[in-house]
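Order as written gives the chain letters A, B and C; numbering starts at 1 within each chain.
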Amino acid sequence: MENIFRIIVCIKQVPGTTEIKINPQTNTLVREGIETVINPFDTYAIEEGVRVKERIQQSGEAAEVTAITMGPPQSESILREAIALGADKAILLSDRAFAGADTWATALTLKKAVKKIEGWRLIILGKQTLDGDTGQVGPELAHMLNIPFIGYASSIEEISFQKITVKRLAEDRYETFEVRLPAAVSVGKDINIPRVPSLRGKLKAKNETIPVWRAVDVELDEKDAGLPGSYTQVIKIFTPKHTYEVKMIEGGPDEQADELFKKLKQLSIV
Amino acid sequence: MYDAIEITGKLARINDNCIFCGACIDACKFKSIEITGIPEQDFDFSGYEGVMVFIEQHQGSVAEVSYELLSEGRKLADTLGTKLYGILPGYDLKERIADIFCYGIDRLYIAENEIFKNNIDDIYSKILVQAINRYRPDIFLGGATSFGRTLLPKVAAIIKTGLTADCTELSIDPDKKILLQTRPTFGGNILATIITRNARPQMATVRPHVMAKAAINQPDNNRTDNYLKYAGKIEFLKFDPLNFKTKYKLLSQEKESGQSINLTDYDVIVSGGRGIGGPDNFALIKELADVLGGVVGASRAAVDSNWISYPHQVGQTGKTVNPKVYIACGISGAIQHLAGMQTSDIVIAINKDPYAPIFKIANYGLVGDLFEIIPRLIKKIKSGKSSI
Amino acid sequence: MHYFLSEEQQMIVDICRQIVEERIVPVRAELDEKSIFPKDIIDEIGKSDLFRLFIPEAYGGMGTGIFEVCLATEELSRGCLSVATSYAASGLGFIPIIVMGSEEQKQKYLPELAEGKKIAAFGLTEPEAGSDAGSIRTRAAKDGDFYILNGTKQWITNGGEADIYTIFAVTNPGRGARGVSAFIVEKGTEGFEFGKKEDKLGIRASATRELIFTDCKIPSQNMLGSEGMGFITAMRTFDQSRPAVGAQGVGVAQAALEVALDYAKVRKQFGVPISSFQAIQHMLADMATQVEAARSLVYHAAKVIDSGEKNVAKLSAMSKMYASDVAMKVTIDAIQVLGGYGYMKEYPVEKMMRDAKILQIYEGTNQIQRNVIALELIKRGVL
C-alpha cells in the first residue's frame, strides 16, 4: 500500500464576466461571446494544492494533486489548465443526469467521486464560485465525507500526513485551527499568488487523457443526481426592474460639480 | 455559450451541455424559453411551523445581521400567521436578551454553555440540528457571515434539506405558502427565485447589510433582571455538553490588526474603478472621501491592478456595503461590483462612458471626466458655498 | 499576427505574455526607479521552465533552440528590458558551459541552471578592455591543481545575483587573444568579491557590478576546454547569444510602437486624433516596418543557427546590430509621437528609450558587429 499524500482540488468552470455589456434596447445582459473560464478562486486552490504537494515532497514523502470538476463536457479545458498549473491528474465528472444540481446534489456527486479515489488526505476548494457564490459545496461535501471543513483559509500553517493547521480570517479576527486529516479546506485570494503555468505543465496538459466519469461510474443513482436529487430548485429567472429613474446631472465640470454639491447638501452629507 | 441548444427544423432541443444557466431566456428571439413554475410538492409538511432565526454571537456580542434577520423573520411570520423563534447558543449571554426581544420574537431558545464559547462548526451545528429536529420550524434563517457560511451548509447537510445562500429578498408565495428565496445568480444581470422542495425546514442565509433592521424602541438599560422579564418567552434547551465532541482544535485567536478598513462602518463611501487609471490617482478619491467623512472603496479592477489593497474592494468577491451615499468614480458597473453596493441608499456615478451599466442603478449620474469634476467638488465642499 | 509558430512555441509566448502582464508591468516603473533586481520575477521565469529553453534535454533542458530563446526574450522585452536582460544574460553566462564544457561540468552545473534555481553571468569586460577583449589583464596563474585568479571585471550583468560565473582570464601572457582561458567560478569562492553596483541610464533594475578577484584559488577542473580556448569559447557563445540581443531590440521596439499607436489614436489635437496626420502616419509606418524587418532578421538568424550551420557569425552579428539600431530609433520616435507626454516618467516610453541604448553597446558594440560582418563578407562572400 503506497504512502502517497493525495490532494484533491475541486474546481468549476464559470462564465468570464469581466466584460459586461447591456443591450440598451432590452436592458439585459448580452451573453453572446462571453467566454467560460476557471472560477478565479479555484486557481488559488490549485496553487495551494501544488504547494502542499511540494511541502510534503520536501519532507521526503510522495504527494500528488488530482483536479476534479463536475460540469458539461467543455469543462475539460479547465482541467487541462489545472494540469498546466501543476496538478498531476484530472477527472471530469460529466453526465446529463448531473444537470440542474443544487449544492446538495453537487456535493453528493463529488462525494461519490472522491470515494473512488484512494489515499486522499486533503480536499481544497475555492471559497466560492463567481456564478453561484454560495460557498456551500465545501461544507456539505465535507459533512458527507465525515471530515472537518475549514473555510476561508488564509494560510496553511502546518501540514503532515496526520494533521493540518489552518489560519483563517473571520470578520474581525484570525482563528487558527488544527484538525486531523483527512479534511477539507476552502481558500480565497489572500492565501497565495498562483504561479504562471510552466512550459512542461502546458505540454503535459495538452497531451493528457482525462477520464470522464458518468453517474454509473461513481455509483450514483440518477434520481439522486442533478435536478431530481436537489432539495432546492430555481423556479424563476428574471431581470430586476429598477423602480427609480437615474437623474443625469448635465453640463461641464463646473456645473456638474456645483449641482452635485447642492445635492449632497440636500442629503445632509455636507 | 454552452452549446446546449441544437436547432433542427424549427424545433430547439436542449442537449447534455445544458446547465440551467438561463442565458437562453434572454437570447431567444421568440421569447419562447421559460424556466418557471412551482412544481407540486410530494411531501406533507404540515408538521413544520414557524420561522426560526439563528442568532449568531461571538463571545457575547450579537452579530448585527441577526437583528436584520429577526426583522425580516417577523415580516415573514406575520404573512404566514405564524410565530417567530430565535435560537441562541452561546456563553455569557445575559447582556443581549433585551435587544433581541425588541424585534418581535415570540420565543427565544437559549443554549448557554462554555462549549459555545468559540464559534466551532460541529459544536454549533449539533445544537442547531437538535433544535430543528425538536421544534420543526418551517423556515430557518441565518446570517451569511464567515461563520454562518460554513455552519449553515453543515446543518443543511445533516438535516438533508435545501439551503439558499445570500438571498436579497425573501417572501411567501400567496398560494402555496412556501418561502420564495431570491438571489442574484450567474454573475449576470439576473435574479433567480428558488424554492425548497421535498424537505424542511426551508433554509436561507442573508448577507449582512442586505436587509433592513427594523426601527426599534431603545431596549431598557436595566439588564440585571432580563431573564426574569422575558421569562415566559425564554426556554433553555436541554443538552448534555459532554456529548458535544469536536474535531476542531482552536489553537489561537487574534484580533485583526488595526490596519484593515471596515467599509461597512461608514455612511459615505467614495469608490474608484478602472477609470482612476493608477495607484497615485486614488489620492484624489481619498481626498473626497476625507472631506465627506467617508472611506475609500474600490472595484475589483482597481484592486487586481494593485492600485489599492483588498480590504477596500466592494463587490461580490469583496465587501457588501449599503452606506447612505455611494459615489462610484470611473467604475463601469460590472455585476460583481453592483452586487456589493446596489442596496446603498443613494448611488452617485461619475463615468466618461454614457453607456456604463452603473448608470442603470444610480440615483444621480454624471457623464464626464472625474479628474475634472472631483477636484471642483472638493473645492466647493471645502469652501462651503455654491457659486450659483 | 500569424507567425506560423508551433503549438509549443505559442505556449512559450503565452507564458511570457502572462508573466509580462501579471508580474512585470505592474512593478517595472518602481524597479527601474529604485534599481531593484527583479528576483521574484526571475524566480517565476525559472519555475515556468524558461531557462530550460537554452539547455539540451540531457541536462534538464527542453532541447529547444535559439529560436525559442528569442521568442521568450522578445516577449519578456515587451514588458521590461531589465528583466529580459537578466534572463538573457544568465543564458550568456552558461552557454560557454554548453559549447565548451566537459561532460562532468555540464552534469554538475546545467541542471540547476535549467531549473532556474541558480543564474549565471558572463565575465569578460574589464576597465581597460571593452571592444579590445584580447587585451584583458585578469591573470589566471597555474599553481599545481589550481589556478590563482587576480584582476577586476567591470559592468558584469547579474553580478552579485548570479551563482555561476564564466570568467575569462589570461593563462599565457604574451600570446594575446590565444592566451586567454575560460573558467567557471562560483559565488562565495574565497578571494572573489563584488564591487560597487553601477547606477545606470537604463536597464536600471538589472544588476551590474564589478567582480574583484584577489588571489582567488579555483580548481583546474573549472577551466572550460583547455588553455587558450577562451577566445573561441567567447566567440562561439556570442554567435548564439547575439540573436537574443536582437530579440530584446524587437521586443522593446514593439512595445514602444504599441504605446505610440494607442496614444496617436486617442490623443486629439485640432479636433482630430493625431493618427490622422500624415506626419504621424509616416512615422508609425516606418517604425512598424523597421520592427517587422528586425524581427525577420532575428528569427532568420536563429533558424540558421538551430539548423546546425557552422558559419553563423555574420548573420548573428547582423541580427544584433540591426535590431538594436531599430530599437533605438523606434523608441526615440515613440517619444516624439507622444510629444510632451513621452518625456514624462508617467508614460512608459522614456524608460524604453533609456533601456534600448544598451543594446547598441553590450555583447559587442555595433561598431564591432560591423567589423565582424565586413570581415565575414570579405572572407566568405555574400551568402
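One rule holds for everything that comes next: a contact is a pair of C-beta atoms (placed from the backbone, for glycine too) under 8 Å apart; a residue touches a chain by one contact, two chains touch by 3 or more.
Worth saying up front: this structure is predicted, and the values here are computed from it rather than measured.
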| item | value |
| --- | --- |
| Central subunit by CA centre of mass proxy | A |
| Most distant chain from subunit C, judged by the mean position of its C-alpha atoms | B |
| Inter-centroid spacing, subunit B versus subunit A (mean Cα positions, whole Å) | 20 |
| Distance between chain centroids, defined by C-alpha means - subunit B, subunit C (Å) | 54 |
| Centroid distance [mean C-alpha coordinates] between subunit C and subunit A, Å | 41 |
| Footprint of subunit C on subunit A - complex, ascending | 195-203, 206 |
| Parts of subunit B lying in touch with subunit A, wherever the complex brings them together | 1-4, 15-23, 25-27, 35-39, 58, 118-119, 121-122, 145-147, 149-151, 153-154, 156-158, 160-166, 180-181, 185-199, 247-256, 262, 267-268, 291-292, 301, 310, 316-317, 324-325, 332-336, 346, 348-349, 355, 357, 359-369, 372-374, 376-377, 379-381, 384, 386-388 |
| Touching residues (chain side subunit C, partner subunit A) in the complex | 7-8, 11-12, 14-15, 18-19, 22-23, 44, 47-50, 52-53, 62 |
| Touching residues on subunit A, where the partner in the complex is subunit B | 14-15, 17-18, 20, 22, 24, 26-29, 31-32, 34-36, 40-41, 71-74, 94-96, 99-100, 102-104, 107, 128, 130-136, 138-140, 142-144, 147-152, 165, 168-180, 189-190, 227, 230-240, 242, 244, 246-250, 252-258, 260-265, 267, 269-270 |
